[in-house]
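Heads up, the next two complexes both have chain A, just with different partners, chain B and then chain C.
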Partner chain A sequence: MKTDTSTRRRRFNAGTAGAVVLGIIVLLTLLAPVLAPHDPLAQDLAHTNAAPGEHGYLLGTDQLGRDLLSRLLYGAQTPLLVGVLAVLCGGVFGTALGLLSGYARGWADQLLSRLADIQLALPAILLALLILTFGGQSTAVLVLVIALTGWPAYFRLVRSRVLALRTSAYVEASRLQGAPAHWIILRDLLPGVRGLIAVTATLDLSRAVLMEAGLSYLGLGAQAPAADWGLMVAEGQGRLLSSWWIAVLPGLCLVALVISANLLGEHLSRRKDTGGEPRRALSRISRTRTRSAA
Partner chain B sequence: MASATPTAPDPGGPPLLEVAGLHVAFDGTPAVRDATWSVRAGEIVGLVGESGSGKSATGLAVLGLHGPAAEVTGSVRLSGQELVGADEAALRAIRGRRVAMVFQDALDALNPYRRVGDQIAEAYRLHHPDAGRAEARERAVEMLARTGIDRPEERAREYPHQFSGGMRQRVMIALALVNEPELIIADEPTTALDATVQAQVLERLVELQREMGLAVVLITHDFGVVERVCHRVVVMYRGRVVEQGTAAAVLAGGRHPYTRALVASVPSTDDEPGSRLPTVPEVVRGLLGEVDGETLADPSLRVPDGAVGLPAAARETTGPGRTGAGRGTPTPADESAGPGDGAATAAVTGGVDRADAAGASDAAAGDGAPAGDGVSAPGGSGDRAGDGPATAAVTAEGGRADAAGATGAGAQGSALADAGDGGAVAASTPAPLLSITDLHVSYPGRFGRRTTAVRGVSFGIAPGETFGLVGESGSGKSTVSRVVAGLYRPDSGQVLFRGEDIGGAGRRGRRKPVTGIQMVFQDPYASLNPDRTIGDTIGAGLRFHPTFASLSRGKRRERVAALLTEVGLDPDLADAYPGRLSGGMRQRVGIARALAPEPELLIADEPVSALDVSVQAQVLNLLADLQRDRGLAMLFISHDLTVVRHMATRVAVMRAGEIVEIGDRDQIMERPADDYTRALLEASHSVRRTAA
Partner chain C sequence: MLRFVLRRLGLTLVAVWGALSAVFLVLHSSGNPAVMMAPVGASEEQIAALGRALGYDRPLAEQYVTFFGDALRGQFPDSLTFQQPALTVVTDRLPATLTLAATALVLACVVAAAVGLWSGAGVLRGRRPGAAREWPMGLVFLAQSVPGFFIGVLLVWIFGVRLQWLPTSGASGAGALVLPAITLACGVVPPLARVFRNSLTGELARPYTRTGLALGMRRGRVLRHAAHGSMLPTVTVLGLEAGALLGGTVIVENVFSWPGVGQLVITALQNEDYPLVLADLTFLITAFVVVNLVVDLLYGVLDPRVRHSNGGH
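Moving on to the complex of A and B:
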């Protein structure tokens, strides 16, 4: 504990920076209706592709003359909403299965573990493409698809921690008191994995946001004319040479969001003394993700 | 052991190491305050204290190994050369060459990826740059041989994990001695070892010390070790040196009240078994009246002239006759539990336990009279034995003599001990509370093979009886306790509790634990869930109990508060989390949790081995009080024969999964039939009490 505080005092704290940036992005997105100078969908065909600062558009306009600043303010709504919901679904699902699997062991554990392996082996973006192409494109499906590709991370981490905790003296003591399995799982084991889940969820959020952006970029997420960072990158990429700002600005926003969530998650994982487990498990998924999204 | 008796070195010699006015502080918190002591060449000095006393910080500061966070002031001189503030190069030339260290955990201190011979040879070459590889290797093998390792040539090529704990500690000693240093600082070198191994390692260390004319600073919490090997003792408390002197003098009658209290609170083989152990706060109060921890840390404090060394009254009256006090009498822990009462006492033990504040006088007042109460048996189970079956009567006064012989016979035949006893005492044998017959337990091991942990163990426990199970690590004693508790399932054999087979051998799946059997765990830190309040942890035992499940929330809270009071804790702690409790307080919570479902049998698996010496006595007293007042039967498990002798009326000695000897306490302690029991007895330390 003591060394922790002293290192925190000495070093620049990246975790706090991440939390601040993430907080600003969320705040700006929530306040977009108040802050945005223009309707994000309103077209000004007289001033298309205006450079930042021209014609009173602070960050310029896109190919349809829509105000880029307003579109950027609104553009995080879908990624954040989808990201948070997907993290919630995947987290709850993965944690619940991890708790059951680790506590019960036996054939149920074997089955669930193999399912998680299969899930991890499937390229996430391909699976998402498949489901979204055949299953229809709605926000709900988008959330479920992203959650589906995220649950194994929670499952594996929670399960391995529960395997260690279930033989701990305090769980044995609860069993001696006659506590039923569901009680032990909820009261003894769940509190023990709380920190782990919090860290994993923060790191998973950046994965989910990136995946939403990637799918929107591929035309399977948010649909035109909606303001969405991933979609905006896709719309602007044809004009990278003439009007770089249309694609680069939303791209930078995405980078800021993902990096800040990662910094926060990494910081939490050190503080919570989880031994960096979530980081490693997630990196496998997010590596596949960035590669296919790029 | 006799060969290890210390011989005093030349008393006139100049000091080799002189520590004067040493202060060590970590982040501004003082760990060592104004420590002054010295070591002469060829002398073994024990640095004794409890956790947090600053003994280890002192050891590290001598070699400048305390890390950058520590501020060190004062003076440490090695043959006159000042070490505090010396530059790294100067310290490096001394470390390992003139002063070497031996750590407690050799597995941590040795590199797991390198052969031990190479590690020792490297240490030699560091300080002998001209030495060739072959010469260094030769030295390494020679040192291994000198520390008592067989086939040193071969073993030098092995890795640390291939050595047993005792052998690994010998490797550590070889590593420390390879450069023939003048001084060795050994930080708890044998604490993690089994008693018999500990004795061997200490003996070897003392022999080497004598051969090489070494000076040794032995950091330890164990007065048994001090008595066996040390010439002089330095006692530390709260960072201060409170007392120093020759080992014999300090052990026989420390002049500082803390020393006296510490020596007195260790169970000893000279004690009346089952007597109340004087706790540190009690002894200090008996000597000085109310004292806070800060005052007690004053080195100039002296035991007042004419003061009684121990609360003798308490010890006498709480002896054999104490049983007569019966259930109705509140235990001293009860009396002291009121908030505020124990405040001063808590401070005395460095913020540890508040209970047992009831001093000698309280205990004496309660129990003076009933001492002559006829029925009571020595050791405490007499009352219960009266209404009891023949097995219980074994522990009662009348049956003792016969029982001793009968038990011996029973044990040799490896038959169910209680059957043997019962046969001698009474014709028919009604079922004891717990009876284990021919228990076999194994674990899945590597490559699909199963490792057998327990083979053919049989014993019985009568209602209200304390049964001791002694053995070293790996003897299977904890496995037995877990089978009885219902945490493991045996391969075969019967576990009868109140006549019902609860073992469930041969069946599949998890066994449902029986609420009539509860357990106190060894590690008070691991056994409490840090995320649940203490009240919640204790109350859960009521929630799932067949009779208490119907209690309302308020009634449950009341019961939890009563339980906390019973174990000597403030009932307001119910809403606290375990994080802010000391080890002793946590162990009390663990005991309250075990008592919540009103068990008939309490399993105490090494309940004090993780606790500080001064707290051990308090927890042992509490267990003994509860056992007596509630009429509990207890399965008391320990590696320490002295503690078991103190607590139990009948004892079984386990080795390698089998019971080698079982019988009455006195028979085992005084007339052991088995060689292993004798070895254990010899190895277990007996500290001579200060004369009252």
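Moving on to the complex of A and C:
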């Protein structure tokens, strides 16, 4: 295929750039305890709001004199941890239900599909606010809330792919040989949706990170004094006039993280020949809507 | 048509039921909801009295039924900070939110149209879509990857703090509307521009474009016809985004201290005014579901194919 060779010849493309940036961010976050020049929570009240480069602070300090560079290095821990866990929970849950729904069909399929419709009809951020307010604010609840608003994407994509796969010759052959249902689902159908899941998960990661950041900005995610990019933007917003770096630098880090996940996801979705389905399904989720059954 | 309306209505009722059940479930997951509904520092007896007054001591099944009735009639416990019925406080703030959302929607339409037409004009000049000339689409991708609150903070920094052109908080005068509306629009433009551009380039690939050009029709005129043809999918997404804007207002209003429903819920949260939070969120979630219903029905009116399909996947 012509397009395949041309992408292979172009060694460096947007997808690679996304993967590299994402890798660097993950690596820096993991190495934060080694790399950070200061304790991210240690206050230096003599040198608050120091500009980048002043008093030996490479990227300056915040309103409590905490080293911004150290806080930035630690600041991706919550978004990445919450994001990855939420993607895992939502992905496993949605994929499992999608496999069952597509394989079993019948009333179970009807029920699960309507459940996904209802989930999509509820606005994600408002639902998250509600659950975090009345259900308690903790990292576990945060993960569950983000996973809860993410599973329908996996469910729908996997289900529709399984509906197409279950009538294919190799699944038919398996069935005729008397393979049990769990064998067909795990050995025949699951490998067929693996690529689809990988693409969806990458794009879902950027959604999860954006949601964590938004909730932390509103004060319902990571709590002070923790270093968290979304929370840091909120803390620095009132000091834009005198010390812009406190809010702007963590925001830029967040943008780099989300863009790299988006670039990688978009690139994968083109390479893996998924026809752009995951992107459409996810944009549907991140904006939460009901356009489905029509 | 009737069948279509009934189907949609049914799905909406189920969604409203799901939403309210979620609210109820979450409210009672903490144990005694009266603890949250009482003012800070209330004594045990006061909490118990409030719990009895609000019916929290009844069996759960009975509470579930009364909760539905109350929610549908808009009856919530009084707001602790405003000393008024919570829903009245919410509806008082509604005009500000609607003004912001409507302005953002109009702005998003203009920008998305410009981005789509730019790409379409490029295609008409024989450029391959997806090339570097489509830089506005690149900007759209960028906007999609920037958190809404950070777009807001950047705008405040540049236009409010540095250049001092525009106010950055409150709702005094038309100038105060500019930055929040731009921020809110940034969330809507990407899906809108994408669908418009894609259906426009799809229309331009159809034979009537070539016929028009071969007959000597001006490019602008051909583009206009193609744009007309790509209206339907664009209008669908536009309508759906109208619902999504409601969710976006929570974050944007907080960035700019815009005195709307979205800011109210976070202020209430900070003041531990949980009755108000409950009323506000229930109102917004129900409004969101209803807006989506109206949009779906409108889409059925616009496109006969929708109302004649029997649904299903």
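For this structure, a couple of remarks:
The definition used in the following text is that the second predicted complex is superposed on the first by the 278 of 294 C-alpha atoms of A that agree within 3 Å, B and C clash if a C-alpha of one lies under 4 Å from a C-alpha of the other, contacts with A are read in each partner's own complex, and residues count from 1 in each chain.
By our rule, a contact is a pair of C-beta atoms (placed from the backbone, for glycine too) under 8 Å apart; a residue touches a chain by one contact, two chains touch by 3 or more.
These numbers come from a predicted model, not from an experiment.
With the two structures aligned on chain A, chain B fits next to chain C without clashing. In the superposed three-chain arrangement, the CA centre of chain A forms the vertex of an angle with the CA centres of chain B and chain C, and that angle is 100 degrees when rounded to a multiple of 10. By the document's definition of touching, neither partner reaches A:83: not chain B, not chain C.
Of the two partner chains placed by superposition, A:40 touches none, neither chain B nor chain C. Once chain A of one complex is fitted onto chain A of the other, the partner contacts of A:94 are absent, as it touches neither chain B nor chain C. In the superposed model, A:118 lies in contact with chain C only, and not with chain B.
By the touch criterion defined above, A:214 reaches chain C but does not reach chain B. With both structures placed on the common chain, the touch criterion links A:178 to chain B but leaves chain C unconnected. Greater residue coverage of chain A by touch, when chain B is weighed against chain C, goes to C. After superposing the two complexes on chain A, the shortest C-alpha to C-alpha distance between chain B and chain C comes to 8 Å. The interface of chain A with chain B does not overlap its interface with chain C at any residue. For chain B in complex with chain A, the residues that touch the partner chain are 26-27, 69, 485-487, 512-513, 515, 517-519, 521-523, 526-529, 531-532, 536-537, 540-541, 543-545, 590, 593-594, 596-597. Of all residues in chain A, those touching chain B in their complex are 2-3, 6, 168-170, 172-180, 183, 187-188, 191-192, 194.
Across the complex, chain A is touched by residues 7, 11-12, 14-15, 18-19, 22-23, 26-27, 29-30, 33, 36, 141-142, 144-150, 153-154, 156-157, 160-161, 190-191, 236, 240-241, 243-244, 246-248, 250-251, 254-255, 265-266, 269-270, 274, 277-278, 281, 284-285, 288-289, 292-293, 296, 299-300, 306, 309, 311-313 of chain C. Taken together, the chain A residues at the contact with chain C in this complex read 113-114, 117-118, 121-127, 129-131, 133-136, 160, 206, 210, 213-214, 217-220, 230, 233-234, 237, 240-241, 244, 247-248, 251, 254-255, 258-259, 262, 283, 287-294.
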